[in-house]
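Shared chain: chain A. Partners: chain B in the first complex, chain C in the second.
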Partner chain A sequence: MLDPDSGLSLTIARIVQRLQGSSLHSQLERQARVSLHKPEIKLESLKEDIKDFLKTSGWEKKLQNAVYSELNVFPSPCHPAAPPEHMKEPLAYMRKAQGSWEKRILKSLNSMCTELSIPLAQKRPASEQKELLNKWNEMGTDEPDLSLFRPVYAPKDFLEVLMNLRNPNYENGEQPSFRNHLGLIQVPLKVKDIPELKEDFSELGLNTGQLGIDDSAQVPPEFFENEHVRVGQKVLAEQDSAAAQQYVRQGCPTALRADLWALILNISNQPEDILYYEQLKSNVIQYDLLVDSLIYKDVKLTASNDDYYFVFEDYLYQVLLCFSRDTSVLDHFTYSSATPPKSYIRGKLGIEEYAVFYPPNGVIPFHGFSMYVAPLCFLYHEPSKLYQIFREMYVRFFFRLHSISSHPSGIVSLCLLFETLLQTHLPQLFYHLREIGAQPLRISFKWMVRAFSGYLATDQLLLLWDRILGYNSLEVLAVPQR
Partner chain B sequence: MSGAAGPGRAPLPCAARAAAALQLPGGAEAARPGVAVIDLRFPRGGAADVQEIVFKNFYTAFLSLRVQRAGPPGPRRWVTCLRDHRLMPSPHTEEGSQDYFSLRRHQMLCDMEQVTALRFILRQPSPAWLHFSIEELQVFPPAQKSPQQDFPSWLSQLTPPEQPASPHRELPDPEKVSTEVQQMWVLTEVIRARQAAARIGRFDVDGCYDVNLLSYT
Partner chain C sequence: MATAAACGACAMAGRRAAAAAPRAPKKPKQRPAERGGAGPGSTGGSAPGAAPLPPPPPSGRPRPCVRFKCGLTGPVLDVLSSRPGWQQAKDEEEWDFLWCDVSWLRENFDHTYMEEHVRICHFRNHYELSRKNYLVKNLKRFRKQLEREAGKLEAAKCDFFPKTFEMPSEYHLFVEEFRKKPGTTWIMKPVGRSQGKGIFLFRKLKDIVDWKKDGGRTEEQKDETQVETYVAQQYIENPYLIGGRKFDLRVYVLVTSYIPLKAWLYRDGFARFSNTRFTLNSIDDHYVHLTNVAVQKTARDYDPEKGCKWMIQQLRQYLTAKHGAGSVEVLFADMDNIFIKSLQSVQKVIISDKHCFELYGYDILIDRNLKPWLLEVNASPSLIASSQEDYELKCHLLKDTLHIVDMEGRLTGKEKRVGGFDLIWNDGPVSREGNLGTLVNGNFMANTHLGTYSPSAGRVPCSHPFLTKRRARAFHLRTREQGVWTLGLRVQKEQTFSKSGCKQPDCRSTVENKHINVGETTLFIALLFKF
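Take a look at the complex of A and B:
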């Protein structure tokens, strides 16, 4: 493995490189230059004085939050000898399985294209552009004919692929033995057992107060709730990402949740972020993608039919259509096992200068994708902030739920963790379900792929997502009971 | 391939024999033992100093390393320099099974000077795996010192020596002020020269994004 010293310097170099071109960097420079006018900055101790000034004015904290965010999102650097695909996914047979799964999706999309004779992407005529701009805030009232479109895949198709995942170097004998797992997942990934989970998720223990349980009507608020809210307000005042992440492990008070999540995800909604969102919006107006119809269909099938989320239909279009055109999402493919689909401009097949990614963000939505956005609509009402929160949640967590990888938060590990815990904790239930031909994973898989969105009441769902953010891990999704 | 970074780092040429599983003599059928050995010798019986060994694991759980050193004439002894180094934290599961590893000189139990042969003893106690080995084995000598090329040398000469400010002087020392102003100027030059990593955000090619079908390659 990587030497601790060289690992640290590699991490530092990577973070510096990523932050160097960012708007935070230019803001810090500007602040430093402005501070030169201040009387307390002396020429003899220029460096120290500017550092002190940045600390007292809160800019050092912003930098700390940015560094913390980078550490959370990017995995630790690989060995220098490792090729880039190793960072995406270290196991060769999983890379291969992900590649064949992606090929299936591409074939499905291509065949839909040819059947319907619709191009994957084209520029909108000017009249259509004007029309769309006018009804940008009420795209839900549109009733396009989507009967010929079908979702590219549904979670159950993905489950079939995961069930057939095998390590060619593993003794997958036909005879039942300790090597064959009793559940559906047959790959020997390392998953945590109960003692390890208890240690890692110690704040969820019975002796620690939790929102959602210890703030119910029967419990007097002096015991836990009041103090917890007070601490939350203090954390927000300090604007410290790391403290916020620790705090939400016990749940977020509803009034503070939006700000706390924005702090943890390091979203500040600066003018340049709003401008970026407006640029994405103009991309939506200008170009028409086939993926848009898939998004429309998905929203109509899932979120619009949901009692809690149908009111947010218009928001969902505004977020998801822009998401498809956001090239900054391509960055996450360095640490995701997936690869963005490629294509060529019409008539220029094979010429590399005309190679493009399709869709521009490289993510093809599946049935239920819009449910990742829907719960966030309860927290954020400004479209550009809602968009940024969703995008950050996707590149940190949600992408792992629909790609094949050996990562501990990847869907394969979550499924195996769920099955192992169920076997250990409730063996009779597990055995009974197997006997009647209802493998438990078949029931719970779609809950985990959607991160329980649409399957739990919203207040409970948001408490669950508090823990995902707090522990920076999706493992809480797999634990059958708390 | 070799992504080994750093100037002056070329792997030593060596011939590695394929992993040979150890068998008990007189066995009727070839069992799958959990031990294999890889021998590595330098060409033409040469010897070299070894700084670092880099390899890719393939389901080996523990690694031991023995070396033979050039020494006084006579039967050469094998010296153990690494004993049961753990590569896979949990041999029944996938963790660490296909990762890249580095073995450095400071981790070894003995000196790695004038090494003539290396013997890697691989152990995989779990019966779950069909094969185990290590791949892409590379041995590196101590690196040569390379001059720093990152920034111009005159930059480093500008740092003024530490001098406490005398409280009894009326005016600041002109030399000190000019050094500091020079430093500031250099800093602004460096900042200006640095290119910001601008996110273009465009997904079309020359204003055109007419895409028909996805490509499979």
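Take a look at the complex of A and C:
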């Protein structure tokens, strides 16, 4: 057991290390230097005066937001002697299952590659580059022949893998009984029950106002809506990340949502961020990856056919193609149970110096992946900001929905939570569904994997994602909500 | 009662000999027998005498019976047929309610006698509003009148119609305006046609040289070959784009009387997107510029499964997220202004008739400054459904229209909202509850909720053999019963039949396992979260 003090100092050390090289650090230094010219800074009390200055000018708030963001994203450190795999996934059998699932995906990707004899990556000829650059804002008008491409996997394939997950250390000596053979997920993970959920999600209680319900036509706005909007505007004025996260638990007003989410995710769209996006864009122009075709295919199959998201087709390409080339996404693999697939330069199989991650961001898209981005297009219209928001959402939340892990927000726990709640509170419904051959998890699995994108109307989906951000947890997906 | 006599001469002969009892409001209608013979089950002859009564409902009170005639199929017929107590009149039978098309109106309205309670779905001279050249004339006249009476500021509120000239009669006025701003794009629309037919864009005068030639023809020459009347309208070059695409709005307004003016605005509507990205470079490309679904359907890359419509709720949310609630309120208040002013401009011209009501489809275009423009008013908006959602919208729209027409006599007359319709004008502005006297952008804040709360939310959808996609729609069903919150999700049956020519999504994956079929029935999964 890690004692709290050393745990805290480890966390502090880690955050300091991460923020040290960041642009925020250099900005703070610059601001401090600039403040030296100010009359209120005196030499005797230099340190305090500069600190005060940073506080009043809002820079301390920015630092607070950055620290808060780091705390949210990275899990607390475990025992110092634990190997790095434990941060990814403490349970050995889960790691093994994830490893074999990844091997399977990679195998099918490689076989598709050899079948179609298309290289995994190649440089585009100059004429093609020019054409793509011209068409950058309307890539949806392209109609490439994608008939030979198939998505690498679909959620239902993933469900089959999860169903077969077993803990080898778990001796289930009891007779196979009604209770433990009803559900599909058969791993003994700890999931919360109703009293715990009630406590954790206390802001969703009956006595607290919620947007989406208490702002409906029949309720006069004075009761809840007006005050809530006013508080939201205040939170935005303060630019406080933690307050925003608390605030959105009751839902975001539509007009404030884009700014509030950016505040929570700590996205400020600085010039260097825009520059980074432009670099990714030029990478897309210069190199053609096989995954690009998979992305095209996925967008055409899912988002383009959706009644509401078809309009945003062009934005989806601009985000997803850049996403697959973004190596900063590789950072999230330190706390994800997944490992990025490696590919070797032709002819140098097995030689580590010639290994690269493929795709560069380590994430192979599956059927429906583009639906993670589509709802965000309702909020953000500037491509680089949209991109950053999506990337942040992915490395905080969405990656857990398609990797095998024991994390409480991981898909396995969510499935188990769903099944347990349903069995406990609606046993008749559960039993009936099984009788007619409709296992409830088979129906709800694809909803959860996509975080309900494409299955819920947009306004409700965004209210649901408000809670994901507010509680920094995906458990709301498995639990009934408004 | 009215008989739809095909030949005008015998119309008077068809007049009922036995006068019907006048319809008393809030009482059930008189039995058909007393009117003489044209009850359900009879052959519709005009023989007087008692016809067999339909069995009264269990409550004992005789149910009203409305005989309708309908010239269309689809949602209209479905809604009329399923209305309790309404029955389709047989061929020669008399009817109480007629849903006709405008050509029938033109031929028969003047010769048809209608009893007091009879209702018909068009005004005699609706074309004052629906034909583009008449609309322009009426608006221009109204604007002048407003300027005289209330000043320039008030008259400026009528500037929601792009500069329009009737062709060929106003050709010279048009040329004068054209020369003032060279290089702007103009659009030419035939007045009588619909669905985008015959429309084209131009920038140079030589593209429309024909009209100049006709301008010099003599009267006799003109009579020989009827020149189709067109209007030349300034093209709105900066339309609001979403995802690079242009769109326009279809909004429904129901007018039950012109004198006094009583108008209702439906909360639902939709935005129709063009399938291709907007650019001013290719003015010949109809698919870029014309957003009618009829035109888009013929585009090469039109995918019937794609659908290019958004409900107005979506649009309103999108705009609110992008521009803030304040700007969007102003935009919708400006749209209210369009509806009211356009109706006021034809108020004195339309032949007022208590039998008539009319459901108009307004086409509105929003430009990049969030200013709405009126493109046209349709007196016969398309009531054909292009998708399941569309079908539901039109069914609800028609049901609510019939509620307001109120043949059953249930309304008190004081309602400000009936179903999805909000009363927008009742011989004067109608205020929103709790907002007396507040002004938005100089306009009175009217009792409208376009695009805010979906009127069809929570209702059981009409079933229709249109299900081609499986979709779980979450209804806005949130009930607070005994401390229990529920979220209802409805999963529709998975259908995999394909229509000819549509792309069947190929989602067989490479890592394939058995394909499991979900159960047949419609499942309603309600997860309870008891507090």
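Note that the second predicted complex is superposed on the first by the 467 of 482 C-alpha atoms of A that agree within 3 Å, B and C clash if a C-alpha of one lies under 4 Å from a C-alpha of the other, contacts with A are read in each partner's own complex, and residues count from 1 in each chain.
Definition applied: a contact is a pair of C-beta atoms (placed from the backbone, for glycine too) under 8 Å apart; a residue touches a chain by one contact, two chains touch by 3 or more.
Keep in mind that what you see is a predicted model, and the values were worked out from it rather than measured.
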| item | value |
| --- | --- |
| First (chain B), second (chain C), both or neither touched by A:29 | first |
| Which of chain B and chain C A:255 touches, first, second, both or neither | second |
| Contacts of A:325 with chain B and chain C, given as first, second, both or neither | first |
| Contacts of A:341 with chain B and chain C, given as first, second, both or neither | first |
| Contacts of A:422 with chain B and chain C, given as first, second, both or neither | second |
| Partner chain(s) touched by A:91 [first = chain B, second = chain C, both, neither] | first |
| Partner chain in contact with A:49 - chain B first, chain C second, else both or neither | neither |
| Touched partner set for A:436, first chain B, second chain C, both or neither | second |
| Common interface positions of chain A, toward chain B and toward chain C | 109 |
| In the complex, chain A residues that touch chain B | 1-3, 17-18, 20-22, 25-26, 29, 43-44, 46, 78-83, 86, 90-92, 103, 106-107, 109-110, 113-114, 119-123, 167-171, 179, 187-190, 276, 279, 283, 287, 325-328, 341-346, 349, 353-354, 356-358, 360, 406 |
| Residue ranges of chain B in contact with chain A within the complex | 1-5, 54, 56, 58-59, 89-90, 92-102, 104, 127-131, 136, 138, 165, 172, 176-177, 180-181, 184, 191, 194-205, 208-217 |
| Chain A to chain C touching residues, read off their complex | 104-105, 108-109, 111-112, 137-138, 141, 143, 147, 150-154, 156-157, 160, 194, 198, 205-206, 212-213, 216-217, 220, 253-255, 257-258, 301, 304-305, 307-308, 310-315, 366-367, 377-379, 381, 421-422, 425-426, 429, 433, 436-438, 440, 442-444, 447, 455-460, 479-482 |
| Contact footprint of chain A on chain C as seen in their complex | 242-245, 273, 276-277, 301, 303, 305-310, 313-314, 317-318, 320-322, 324-325, 387, 389, 434, 449, 452-453, 469, 471-474, 476, 478, 480, 483, 485-487, 489, 491, 505-513, 515-519, 521, 523, 525-531 |
